[in-house]
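Below are structures written as structure tokens.
There are two complexes below, and they share chain A, which is joined by chain B in the first and by chain C in the second.
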Partner chain A sequence: MNLKFHKKKITGILTVLPENEVNFDDEIDNYDFSRGQSMKLKLIMGYGKRRVVKEGTTASDLCIFGLNYLFDNNFLKKDEIDAIILVTQSPDHFVPATSHIIQGKLDLKQDMVCLDINQACSGYPIGLNQAFMLLDQEEINKVVVLNADTMSYKVSHKDRGSRPLTGDAASITIVENDSSDSVIYGSVYVDGKGADALIIPAGGFRIPSTAKTAKLETDESGNSRALDHLVMKGDDVFNFVQKEVPPMVDNLLVKADKHKDDIDYYMFHQPNKFMLKKLADKMGIPYDKMPNNVVENFGNASGVSIPTAITHNIGDKLMEGTLLLFLAGFGAGLSWASLLMKMGNLDFCNTIEFKN
Partner chain B sequence: MKEKILEILSEIRPEFDFENSTDFIGEGMLDSFDIVSLVASLDEEFGISIDGTEILPENFSDVDSIYHLLIKNGVTK
Partner chain C sequence: MDNFQSSIAEILEVDSVELTDELESFDAWDSLAVLSIIALSDSEYNVPLSAQEINDSKTIEGLKSLIQGKK
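The block that comes next holds the complex of A and B.
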């Protein structure tokens, strides 16, 4: 589905990374790789350093830390916030919504909208889409889009498919109305038939967590995980991305009447280096226009990898000028979504560390 | 080209006899991570980028299927 928004803009992006860093080299013995295979995959996939929270830290902790940073540095005032959208698949609790917990802990005004959106790797553009829609309301002038995940809790330490890539992070994006004639193009797609390609089987109401669901089982590939852990069918996800993302990009470029070369940067979700290089090759996009360095430096924190790629790679440029960006997310659901928009002259666009 | 394919396969999984197998996947000689390594090596060796939509197990079941995949992706020598 194609979407189009008028007179909306992003005015700031903040990425919050846990200070705790794990290095792939220190974890090699957890996985069923030979040493040579590990070293080769490290280069190809981008296994490297991952930022993960310490026990007890949740998505809301990262968001509250970042919001307090913005309040303390006068980038944001509490009474300006008319809506909070939190995109996460790692809520503090099933009930209530984590955005409400954040509103309460920060003592924000009651006269506001708070929404949780259950989306993973496509969550950043989907959350922004919702923010743009909310801004059509007369009384909503500023929306805070929070994207946060701490999925490291849910990935087995014996799962070589997911563990070496998984990181935790949060991002805060401020979205406002724009007095200029700006146009933002977007698209969203869903294929629920692929729901089991990325799934945590137990822990919800369908299969509640029990001692049995916490027991590790080894699959035919040598990965050991429990039903309480994230399961990723890596082959299925890879093929879904290679098949669906290029036509999504082509479609939105046509809708916006833009050529591939007109885009300054393609800021895509960062699943791993190999997948991103294959996408870039297929679409004929130079690697320097599609950064793929988030996994190796910070790990893949679901949808947060998009704002992380932005603040890490082009934060300074977005403070000083304006760029035409293509954002794309793709993953659990299955879902895939994109945005094509000008972004720039931001009030802030940087990364901070959460101390714990 | 087939000799080079066999050489790369042997570098990735030296414990297997790839020359005399026609079912690398079914016989457990290559898993999905091996295929990723194989694709990266083939891309580098032949100066191509194998199309991501063609990185499917059936295209890596034996030397002939890999050979045809390379031809399809523009390798001529």
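The block that comes next holds the complex of A and C.
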């Protein structure tokens, strides 16, 4: 489905990374594979360092830390926040919504909208879509989009397919009305028939967590995980991304009347280096226009990977000037979404570390 | 599919492969080789393959006919 938004803009992006860093090399012996095999995988997939929270830290902790940084540095005032949209698949609790917990702990005003959205790797464009729509309300002038995930808790320590690429992080994006006549183009797609391609089978109401769902089982390729863990069908996800993302990009370029070369950067979700390079090859986009270095430096933190790619790679450029960006997220659901927008002259666009 | 065998040989880290060779007989046969074949099939032949289909194809020849059958 194509979307279009008028007179909206992003005015700041902050990424919050836990300071705790884990190195793939130090974890190789956890996996039931030879060292040689794991080193080869490391090279191709871009496994390296990743940031993970320490036991006890949740999505709201990362968000509150980042929001306090913005309050302390006068980038944001508490009473200006008319809405908080939190996109996460690792909420503090099933009940209540984590955005409400954040509102309460920060003592924000009651006269506002708080909304949790359950989306994974396409959560950045989807959260922004919601913010753009809320800004059409007369009394809503500033929306804070929070993306936060701590999926490191949910990947088995014996799953070489998922664990070495999973990181934890949060991001804060400020969205406001724009007085200039700007247009943002977007698109969203879903395929719930692929729901089991990326799933945590147990822990919800369908299969509650029990001692049985915590028991590790080894699959045919040698990885062990429990029903409480995230399971990813890597081949299905790869084929889904290669099939659906290039036509989504082509379609949105047509809608916006832009050519591939007009785009300054393709800031895509960061599943791993391999998949991003294959996507760039397929679409004929140079690697330097599509950064793929988030997994090797920080790990893939689901919907936070696009803002991380932005603040890490082009933060300075977005403070000084304006760029035409193509954002695309794709993953669990299945879900894939994109935005084509000008972004620039931001009040802030940087990365900070959460101490724990 | 002129370069098929040489591309597969490269993925399996050997100088050359025969059509009758069994996939599991190669030292480099692992989940990464499977993923590399999925990527090769997608980029060179525009054919999506699942890990299951590749494992079921047993030999180099089986893999080749799998891709040809889906083209």
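The definition used in the following text is that the second predicted complex is superposed on the first by the 356 of 356 C-alpha atoms of A that agree within 3 Å, B and C clash if a C-alpha of one lies under 4 Å from a C-alpha of the other, contacts with A are read in each partner's own complex, and residues count from 1 in each chain.
The rule is short, and it goes like this: contacts are C-beta pairs under 8 Å (C-beta built on N, C-alpha and C of every residue); 3 or more make two chains touch, one makes a residue touch a chain.
Note that the structure is predicted; figures quoted are calculated from it, not measured.
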Mind checking the superposed model to see whether chain B and chain C fit together on chain A or clash?
clash
Contact-wise, after the overlay, does A:Lys8 reach chain B, chain C, both or neither (first, second, both, neither)?
neither
Counting only touches as set out at the top, which of chain B and chain C does A:Asn239 meet: first, second, both, neither?
both
Have a look at where A:Leu279 lands relative to chain B and chain C in the superposition and call it first, second, both or neither.
first
Would you mind listing the overlap between the chain B footprint and the chain C footprint on chain A?
33, 37, 40-41, 44, 161, 221, 234-235, 238-239, 242-243, 274, 278, 281-282
The answer for chain C against chain A in the complex is residues 30-32, 34-36, 38-39, 42-43, 48-52
Enumerate the contact residues on chain A facing chain B in the complex.
33, 37, 40-41, 44-45, 160-161, 221, 234-235, 238-239, 241-243, 274-275, 277-279, 281-282
Under the stated contact criterion, what part of chain B meets chain A in this complex?
12, 31-34, 36-37, 40, 49, 51-53, 55-57
Interface with chain C, chain A side, in the complex: residues 33, 37, 40-41, 44, 161, 221-222, 234-236, 238-239, 242-243, 274, 278, 281-282
